[in-house]
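For reference, the structures are reproduced in the following blocks.
Paired with chain B in one complex and with chain C in the other, chain A is shared by the two complexes that follow.
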Partner chain A sequence: MVNLNTVAPKNNRDYYIALGLEGSANKLGVGVVKHPLLPKHANSDLSYDCEAEMLSNIRDTYVTPPGEGFLPRDTARHHRNWCVRLIKQAIAEAGLQDPALDIDVICFTRGPGMGAPLHSVVVAARTCSLLWDVPLVGVNHCIGHIEMGREITKAQNPVVLYVSGGNTQVIAYSEKRYRIFGETLDIAIGNCLDRFARTLKIPNEPSPGYNIEQLARSAPHKDALVELPYTVKGMDLSMSGILASIDSLAKDLFKGNKKNKILFDRQTGEQKVTVEDLCYSLQENLFAMLVEITERAMAHVNSNQVLIVGGVGCNVRLQEMMAQMCKDRANGQVHATDNRFCIDNGVMIAQAGLLEYRMGGIVKDFSETIVTQKFRTDEVYAAWRD
Partner chain B sequence: MPLDHTLELKIPFETEKQASIATKVLSPDPILKPQDFQADYSSENNVMLARFRSIDDRVLRVGVSSVIDSIKTIIETMDELS
Partner chain C sequence: MALPMAEYSAPDGVNKSFVPIPDDPRYLTTEGRTTGPSDHVLNAGQIDRDKPSEPKRVQGGTQMTYLGQLRTQLTGLQDDINEFLTERMELAKNKKKKADADEKRIQEEINQLLDGGDAEEEAD
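On to the complex of A and B.
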């Protein structure tokens, strides 16, 4: 059993308030979370049921023109420009009068992510901490996603599929750590989709993956999948070859290369495949791989719940395919959240950081706030879980 | 190579506390290439003193401008959120 009330709320209040700052990739997020102080949390395993209230959840995304990705330097500049304004807005929206009195803990993303954007946010976090005399907690970005997903969906002990622009992992909890069962060996699934979107020169607004999903919906030849490499390696995945393969198909399609028999009819030279079909086939192929390793992880840990987190987790087609697999297994359930909580945000950092804070984990020296590009999910000791 | 290209910045803050906060915020981060660039921060009364040493002017300029970017964030935070 775990005592989540190890640290009492500030000023004898009956609730905790955490400010969360996220900026590991192209999204800058600031959120405020409130947890009531409840006797049931003193001796239980209820870290998935904190009765959390999201007082504010503000996000600003750095969007690049079609055909371009986001670079660390420009993303860091975006975060620097907006960080303080977003913090101010989040505090106002949450109705906090005096942050120095009201906030128990400031949570920030310590990694993994792009170094420069992470650093530009931690500078603001450190300054706030010293100005208000409020402690800091550094949060692993992946753990933020997992804890937010558990709190929203109330999934007690799910197999977690974490799919985003920078990460692709199948995770299950065991013995105080979130253990990685399988992951990508090269690029992340979101990166694969984003880069294909760049090849197609489709807009990055609201997100490249969302636009691919919309194109895939209107694919005219859903019955005839374009064959792509299917690269599941044990519990791991590889996606760079799939990207290279679909990229070259798209380029042949744009050039009108009639020699390509996959795209054009051998005899008549008529086009058989559209851009929408390519999007559809890419999604089906990639998601089938994800479903396969997730199902294997479920069998391994004897679980019937899946929690999908991360930006790609908003994809409705992925949720559908996962739901089908779970239905075929006995009484399985899929848990997913909408884009407020799936896509990187500040409240998820506040949620995970507040759990850590309630167990007594705070930054004691600023040397612990140094951000890190590489920070694996299983490095974190999950004190708040049984 | 000797670190013989140097620069000193003296940044006045409104209060002694602000200067000390800025020093504490900037100090922890490691320099990526310590053999090429070094930075030291200290504060005296309401002034923060930043001393930079580098192998050439180019590395010095790049290093200093990224520190100035961070200082801008610190000052904006102090102005808007305290």
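On to the complex of A and C.
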């Protein structure tokens, strides 16, 4: 049992308020979360049920032209130039009159992520902390996703599939830490999808992965999957080979290379596969790999709940495939959130940071606020969990 | 109003102070010369919608507020620092290039001498 009320709210109030700042990749998110102070949290294991209220959840995405990724320097510039505007907007939307009096804690993403954008955001967090005399909490981005997912879905102790542009991990909680059961050996799933979108030169708005999902839906030959190198190694998976393979197919398709027997009929030279088919096959292949390792992790920890978090977690096809697997297991359940909470956002950082704050964990010196590109999920001591 | 300033010192003895000049146009804008989008994204067709906001002015007037003024001065100061550091990096790069070329030349001379030695030994 843990006492989530270890630290009392500011000014003898009966609630806590946290401001969360996220900027580890191309999304800049600012959110405000409110937790009521409840006696049931004094001696329990209810960190998934804080009765959290999202007072504001503002996000602005740095979008690049089709065929281009986001560079650290330009992404950091976007965050630097929008951060103050978004903080003002989030505070106004949350109805906070005086941040110095109203906010208990400022939470920021300490890592993992891209160094330069992380740095832009932490400078804003430090400035607000000094300006308002409010303590800081540095949050692991992955833990932010997990705690937000648990709070929204009320999944008590799920196996977590964390799938995003920079991360692909299967995680389960044990002994005060979120343990990584399996992960990518090379690129993340979102990165694989984004890079294929760049090859196809499809728009980056609203997101490359979403546009691939839409193309895959309209694939005309769903019954004939294009064979790709399905690569699961124990609990881990590899996606760089699949990307190289599908990239080469797409290039042959654009060039009209009739020697390619996968794409064109041997006798007639007629095109057998469309861009939509490639998107469909890529998704099916990648998601099947994810489902396989998630199922194995569920068997290991004897769990029947899966929580999908991260930007790729919004993909409806992934949710369907995971639901199918869970249906085949006894009373299995899939938990997922919509794009307000799945895609990187400020409230998830506020949620995880506030849990840590309520357990007494705050930054004591600014040297502890140095951001880091490498910060593994299992490095975090989850004091708020039993 | 006190001006912001920055100090640079390096182990090789280079020291420099950066102070904005209040009326210089360089220190009266929030759009820095070195803090815009990179050429790579502009060449790819990016439309810059991430410009910094204009400095805030006193209501109904043209005079900047204290924070607005501070932002413009810091923008100019950042440009000065960026230009100075870029110059330093170029110098270091050129020095390294020269050192690498010297090392290569010396190594070639040594190799030539050694080859010559081998040839003499073989002749004996």
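The definition used in the following text is that the second predicted complex is superposed on the first by the 386 of 386 C-alpha atoms of A that agree within 3 Å, B and C clash if a C-alpha of one lies under 4 Å from a C-alpha of the other, contacts with A are read in each partner's own complex, and residues count from 1 in each chain.
Everything below uses one rule, namely that a contact is a pair of C-beta atoms (placed from the backbone, for glycine too) under 8 Å apart; a residue touches a chain by one contact, two chains touch by 3 or more.
Everything numeric in this text was worked out from a predicted model, so none of it was measured.
On the shared subunit chain A, the superposed partners chain B and chain C overlap sterically.
In the superposition on chain A, contact of A:L228 is made with neither chain B nor chain C. In the superposition on chain A, A:V2 makes contact with neither chain B nor chain C.
Of the two partners chain B and chain C, more chain A residues are in touch with B.
In the superposition on chain A, A:W82 makes contact with chain C only, not with chain B.
Of the two partner chains, chain C is the only one that A:Y62 touches; chain B does not reach it.
Of the two partner chains placed by the overlay, neither chain B nor chain C lies in contact with A:I180. After overlaying the two complexes on the shared chain, residue contacts for A:L71 are found with chain C alone; chain B is out of touch. By the touch criterion defined above, A:R126 lies against chain B but remains apart from chain C after alignment on the C-alpha atoms of chain A.
Looking at the shared chain after the overlay, A:L215 reaches neither chain B nor chain C. Residues 77, 80, 85 of chain A lie at the contact with chain B in one complex and at the contact with chain C in the other. Across the complex, chain A is touched by residues 21-22, 24-25, 27-30, 69-70, 72-74, 76-78, 80-82 of chain B. Contact residues of chain A toward chain B in the complex are 77, 80, 83-85, 87-88, 91, 99, 119-120, 123-124, 126-128, 130-132, 366-367, 369-370.
Those residues of chain A that touch chain C in the complex are listed here as 62, 64-65, 67-68, 71, 73-74, 77-78, 80-82, 85. Taken together, the chain C residues at the contact with chain A in this complex read 35-38, 40-41, 44-46, 50-53.
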